[in-house]
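Contents: one structure, followed by commentary.
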Amino acid sequence: MAQPWEGIVSADEIAAYEAAGFGRPQGMGKRPALLIIDVQYRTVGTKREPFWDAIKEFKTACGEPGWRAVDHIAPLLALFRELNLPVIYPYVSPKESFDVGRLAEKVPALMKVAANGYQFVPEVAPREQDILLPKKHPSAFFGTPLVSYLVDLGVDSLVVTGCTTSGCVRGSVVDGFAYNFRCTVPIECVYDRSATSHAVNLFDMAAKYADVKPVAEVMAELRALGAK
Amino acid sequence: MAQPWEGIVSADEIAAYEAAGFGRPQGMGKRPALLIIDVQYRTVGTKREPFWDAIKEFKTACGEPGWRAVDHIAPLLALFRELNLPVIYPYVSPKESFDVGRLAEKVPALMKVAANGYQFVPEVAPREQDILLPKKHPSAFFGTPLVSYLVDLGVDSLVVTGCTTSGCVRGSVVDGFAYNFRCTVPIECVYDRSATSHAVNLFDMAAKYADVKPVAEVMAELRALGAK
Amino acid sequence: MAQPWEGIVSADEIAAYEAAGFGRPQGMGKRPALLIIDVQYRTVGTKREPFWDAIKEFKTACGEPGWRAVDHIAPLLALFRELNLPVIYPYVSPKESFDVGRLAEKVPALMKVAANGYQFVPEVAPREQDILLPKKHPSAFFGTPLVSYLVDLGVDSLVVTGCTTSGCVRGSVVDGFAYNFRCTVPIECVYDRSATSHAVNLFDMAAKYADVKPVAEVMAELRALGAK
Amino acid sequence: MAQPWEGIVSADEIAAYEAAGFGRPQGMGKRPALLIIDVQYRTVGTKREPFWDAIKEFKTACGEPGWRAVDHIAPLLALFRELNLPVIYPYVSPKESFDVGRLAEKVPALMKVAANGYQFVPEVAPREQDILLPKKHPSAFFGTPLVSYLVDLGVDSLVVTGCTTSGCVRGSVVDGFAYNFRCTVPIECVYDRSATSHAVNLFDMAAKYADVKPVAEVMAELRALGAK
């Protein structure tokens, strides 16, 4: 199957990474947790619309690519629940008066999202016992007790979904990798507002930090785990 | 001046980010520190050669683009020294028997670099009083006391140079941003083994985490600071 | 003035620390922030009562010593507000179904506090613009974005108040010290359920991590700062 | 058996903690690692001497109580090696020109230790494959990649030894607890320059963060684990 970055990253560059020895697979661990990052109305919109319509509702919305990802996260989430594996929701909570700093300067639109934008998308919303993890910064690990939850749950690997590929997903994968959790990114389950940035961030993560593969393969690996 | 990502990230995508409100400038702070990340022989080679020759010496070498960046880091470093501003060298130290984990699995070549590969490139090497910061993971902040040094020095902003744009530079900028340090990336002073990944990571950082600008502009800002 | 640990830590031990060179003063920085840690009904009780009565209301209450500390925090807080210096409230939020782990095992009573126990004590409650910092672990720094707030505010020092001296205060001071913030503990403004532990933790902090001094001296230093 | 804090912490205070519900046991996990913190000549002296003689060699030395702890750490270490469980050495490396900040101000003597003071005490020194963890701050977790090693090793619990009870041991236990590792402190294997501070810090840790028990019990638990 063609990789999502083919045609964007050149064959020469792919060969260079190959020659330098990047991109070896890690494999799934024995006890993965699912991260569903920022899948809230503010990142997809309250209804299925193309990007340019979606941002009229929320400037932060990715529109249609987000909804396609939701379609793929839903059965993956169902499988995690079936296998009784942990599900964690890193998310952005409504901004408060003291939430200023670099983020507010760099992307002021993030500070003015309507209240309903913070609702979880119902198709993949949390249930009782799922871990809710409010965060103020891109990575799900930064300034949060995420590692403490993972240690307590005996988790050794992460399946990372949600948005954006080039933002919070990438940041969380880089940190998860540094903490030595095995990270897997199911391609169809992450989304971004830029197709190029989406593809190149998948390339970067596949080369250096994570196994990046079709969600069907990820689900097959999970089922194999569950069968043990 | 053309941005380095033009022609790679489409005009449509750039317009989408613009419409979503990304990429506002932050400005330099009042007391910046210079980070020179991983500018060691292992990332450029011991002599100026194109990528495909350089990787024969060290699999981790970026070759010619690395040396061009060194040419630009040298005068920037001289300016930091002239202004008596802090200079910090996050770097990779030789691997030890217990250095295993995800990094060793993902990029095994990183574990077998010859000893001279760990030497700092002489043109931009540390001096007495500079801060040396050995690190095991991509971000200069991860598993290091970098924040403690920055707090003690009263630093409020970072000028981030070195390599790779899509690896340790990106990781350090994302963390620096999350810690609320104002981050600036001087375009000519960072390097990568993939031109596409280099450009798109500059785009991502400019949109979300940092001011990304020509080194001449950065040096003018620093001189203006020093004149106060 | 007698130190609070005299008579508990022996003169010999104090001499040993002296001989080893511990306990040098650091001085207040130029821009301190006030931390008011866990001053909620659950740590003092809803009314002024001795310890053995207070724990009938909340097992986590310290009773009378807590209320005496509140009396001393109130004017200190007023001075921070007058000087327009940052005020931060690290606090424990109501436990959720997924809040399990070592804390729940070690001190199960912490998991069953009535809802009104989480209210801030009105005499020293937060106002608009103060920073609210929910936390899951003892140190105000652990798993929270506290450092990001401090960097953004240009803070270089912390005045640490609240409870308990041997728990969250001690943990926050050790971390603040490690991050290189100058830490000051105003003796009358921290409280504990054990007088011995309170005194010895003040001794430890004075020897190794913080300036520990009467609140009147701390307020005089703050006024001197404000006068500049 | 009498607890080490009896006679220092009053019966009333112990009853108060009991009533408040503190100090429940956690139990050892399934895969513990041994931390041997700062057991270097600088903390015990090069020969077995009482405190007041030992500090003539190194101001940072604890003398005789340190050597007694070494006697107890040695068989515990042998057991970890026999059971093929991980052994980690957080330690202080020689100070460099840029090592300034709060530590240097608070305890200047720490900055002027002779070179041989940094040697590991031979009776419990590291071997090939053990993890060496240089640190700049009290807690073994602060500014180090310790968590990454523990995640990679699948460790769920820590047995914490070395010195000082009231300094780096306490700091590491508080952080280990917050990360949800099960922490055990074998009483005879930790040491301090103050007997009171040693005892009260054991009390604090037993009440809030760790299982504190005789080393013989800890070794029996480890053998039971190994027998499974």
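We call the chains A, B, C and D, going by the order they appear; numbering starts again at 1 in every chain.
Here is the rule we use: a residue touches a chain if its C-beta (ideal position, glycine included) is under 8 Å from a C-beta of that chain, and two chains touch if they have at least 3 such contacts.
Please read all numbers here as calculations on a predicted model, not as lab measurements.
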Task = Look at both sides of the chain B and chain C contact and report whether the same residue positions are involved, with over half shared, or different ones.
result = same
Remark   = Contact-pair count is greater, between A-B and A-C, for A-B
Key: Intercentroid distance (Cα basis), chain B paired with chain A, Å   = 25
Request  = Round to the nearest whole Å and give the separation of the Cα centres of chain B and chain C.
outcome  = 39
Ask   = Could you state the distance in Å from the CA-based centre of chain A to that of chain C?
value = 37
Message = Going by the contact rule already set, what residues in chain D reach two or more other chains?
response = 101-102, 137, 142-143, 145, 147-149, 152, 178, 180-181
Note = The residues of chain C that touch chain B in their complex are 145, 147-152, 154, 156, 178-181
Key: Complex contact set, residues of chain B against chain A   = 8-10, 13, 16-17, 19-24, 26, 51-52, 55, 59-60, 101-103, 105-110, 137-139, 142-143, 166-167, 170-171, 174-175, 177-178, 180-183, 193-197, 200-201, 203-204, 208-209
Touching residues on chain D, where the partner in the complex is chain B = 96-98, 100-102, 128-132, 136-137, 142-149, 152
